[in-house]
Amino acid sequence: MEHARPLPTYLVHRYHGWKATAYTENQAWYRRLANEGQHPRAMVISCCDSRVHVTSIFGADQGEFFIHRNIANLVPPHEPDGNQHGTSAAVEYAVTALKVAHVIVMGHSNCGGVQGCMDMCTGKAPALEEKSSFVGRWMDILRPGYERVKKIENEDKRRHALEKQAVIISLENLMTFPFVAEAVEKGTLTLHGLWHEIGEGGVEQYSPTTGGFTPI
Amino acid sequence: MEHARPLPTYLVHRYHGWKATAYTENQAWYRRLANEGQHPRAMVISCCDSRVHVTSIFGADQGEFFIHRNIANLVPPHEPDGNQHGTSAAVEYAVTALKVAHVIVMGHSNCGGVQGCMDMCTGKAPALEEKSSFVGRWMDILRPGYERVKKIENEDKRRHALEKQAVIISLENLMTFPFVAEAVEKGTLTLHGLWHEIGEGGVEQYSPTTGGFTPI
Amino acid sequence: MEHARPLPTYLVHRYHGWKATAYTENQAWYRRLANEGQHPRAMVISCCDSRVHVTSIFGADQGEFFIHRNIANLVPPHEPDGNQHGTSAAVEYAVTALKVAHVIVMGHSNCGGVQGCMDMCTGKAPALEEKSSFVGRWMDILRPGYERVKKIENEDKRRHALEKQAVIISLENLMTFPFVAEAVEKGTLTLHGLWHEIGEGGVEQYSPTTGGFTPI
Amino acid sequence: MEHARPLPTYLVHRYHGWKATAYTENQAWYRRLANEGQHPRAMVISCCDSRVHVTSIFGADQGEFFIHRNIANLVPPHEPDGNQHGTSAAVEYAVTALKVAHVIVMGHSNCGGVQGCMDMCTGKAPALEEKSSFVGRWMDILRPGYERVKKIENEDKRRHALEKQAVIISLENLMTFPFVAEAVEKGTLTLHGLWHEIGEGGVEQYSPTTGGFTPI
């Protein structure tokens, strides 16, 4: 693999800063985590977006959250076809091997992936409709959500509604995994849906009673 | 979606703590990030493992890293077959839409996914070989890596070597994406391979000159 | 004392969150507690186990419960030999100085200390029998309880019975303290025995009428 | 055990409130804790005082902290004499069985036990000097601390200094336990000393560099 390059110096410097401070202060904990293994309480599925730091928002330290991040925090339906499903593998590992007690799906405002889905569904992004578009095919998971919100006239509201559909559809798809449904029935796993507003720092959660999201 | 439950109270409390402190102190920055969009400098591909916090290790704040996390930080080869490829979608979005300058793949010690791959390749984990095992099919990406390290006798060394193969194979697979190869050729994108030792807090980087990893 | 280290940063952050929220909202109460002293209504003796939060279970706020926590929620018999008895000191302070109206002993399921006692009494844990084993010597307090339950054949039932003996024996030992017996006779103090089932969230209380425990 | 009484009704009501809300919301987590056992990151040694809720201050939920509480948060020196040492048993269990990464000793302002020690050392509390006084004998652990602060003229300052000595002496005594010293040398355990000011909600930590306490 001839193309790898040395890490930018500013990151090397920051690493040494971390090593000399946070690592040194928590050395005992990191060694314990290495020796005794991880026992995270929750799995979090959030977006790759650089503005979404779920560990900061929930004050989580090393060892607390098993975190899968993909475009638009989507979970595809259960499809055991022998192909590679990275998200399904992460869910399977968290629920069956780590036995997490919670799966938290967190969507967010200003999501580029969700915007892309909206553009694609309204015919504004033909490139995303091509077979070779990985982002387009990935965002297909959210297409049924667009059908549910497309009549909302205000564009900002429609986009927020679609960001929230990304959470709801992922929760629905999670329940199609037999090991998820079984753990939920047994009461050893609970599912949670959140939506994070980046600019104002808000967090809303999905309520099955109202079918809507309310601030926590 | 009737199965969603309210967020555990301790997380609600922690969120309000974050809102009252970190958010309030950085409100201007979060609003700027919401209004102006994200412009991350790097994409990081790391593991879902709860012990790996790349933002801590590299002192990254909101807005710096576009982060994809999956089991064992793997990138599959370019396969534009119209199916859903979450990792490929994240790479495509980072390189073609966000135009990040770096893609950093970070593996780590004590990786449960890599251990599973080793068990599978040595016949100790028949359940992982089943078609319906998402973890097993995902770890197939690393099988060629096992072939390269299987002759290492010491088990710890063999596992560390396989964890590093997860990085090298992902870098190799990244170069099979035309838009990645093109950006690398043009000099607008560089690739980096890291391996993080959890207990001792070490970080090593892949060097194409030696073909090995050395501490940064 | 050269070995102390700075508090892990995540705890510092959480503290500032608490200070900005719960403390600020309750400042008047905390100041009143500091200026006027504590007047707790009850003393609780519970286990150090990280899964047992008596303040959560009984919705207790700052100032309500004087809480002593030790391994397996044990009270040794009254032994005024001039040696250091931390539990006896806590009981003495609560009953004679604070004049609490209740002493509540709360045992729990899945107790590691009780399991250790069972292992020790059945010869499976020779290390706990050594003079130098603090856990072993502490669990000696529960040995008479093992004699009462050892004929129960089902292992889960035997362990639960021994966890409950830890409560009963502690209540018996409490009555050997003259100041406890006197306050109970005078009707200014009542004793209560509870057992908490962690997984199902149950609480049972000891009834002197039946000699058994029933759900509250 | 004929003296046990039913739990006061207001606590029964609160328990049912907890069961219907916090327990129900976190059922999956409690079951996981029951089935998989506890893996707390830290042991906390704090005072029985009803005003000191370390779980609130540090936003800790069930499963995070193994908590021992005694009068004045004291650790006696290592004394493997075959007698019952509840505090030493708790430390032994936390460090050798649970392998916690941190032991945090937290003292506090307005501590009645420390006030008693001061009164005893200045001849104002003859009852505490009697052999039969459990509180007096327990507070003997802090006598060497009084010698270090007795020249401070201002009484409030002297008492605060003695409250902090309760932390320092406990840290010193912790290091006399061979299994503590060994884990500290190996870097798998760190010790931390805190002092909490109740009225103002402050937390200070001991710094071995300055020998004093500074706000976190």
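Think of it as A, B, C and D in the order they're written, each chain with its own count starting at 1.
The working rule: a contact is a pair of C-beta atoms (placed from the backbone, for glycine too) under 8 Å apart; a residue touches a chain by one contact, two chains touch by 3 or more.
Here the structure is a predicted model, which is why all the values come from computation and not from measurement.
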Which of A-D and C-D has more C-beta contact pairs: C-D
Rotation, 0 to 180 degrees and nearest 5, that superposes subunit A on copy subunit C via CA atoms: 115
Centroid spacing, where centroids are CA-atom means, of subunit A and subunit D in whole angstrom: 39
Intercentroid distance (Cα basis), subunit D paired with subunit C, Å: 14
Residues of subunit A touching at least two other chains: 22, 25-27, 29, 31, 35, 59, 63, 102, 190
Category of the chain touch graph - line, ring, star, complete, other: complete
Subunit C-facing residues of subunit B, complex: 13-14, 16-18, 20-22
Subunit A to subunit D touching residues, read off their complex: 25-29, 31-32, 35-36, 39, 41, 59, 63, 99-102, 183, 187-190
Contacting residues of subunit D [partner subunit B, same complex]: 22, 25-26, 29, 59-61
Residue ranges of subunit C in contact with subunit D within the complex: 1-8, 11-12, 14-15, 17-19, 22-23, 27, 30-31, 33-35, 37-38, 40, 43, 48-53, 55-60, 62-71, 74, 76, 80-94, 97, 102, 104, 109-110, 112-113, 131-135, 137-141, 168, 171-172, 175, 184, 190-194, 197-201, 203, 205-208, 216
Interfacial residue positions of subunit B with respect to subunit D in the complex: 5-6, 8-10, 13-14, 17
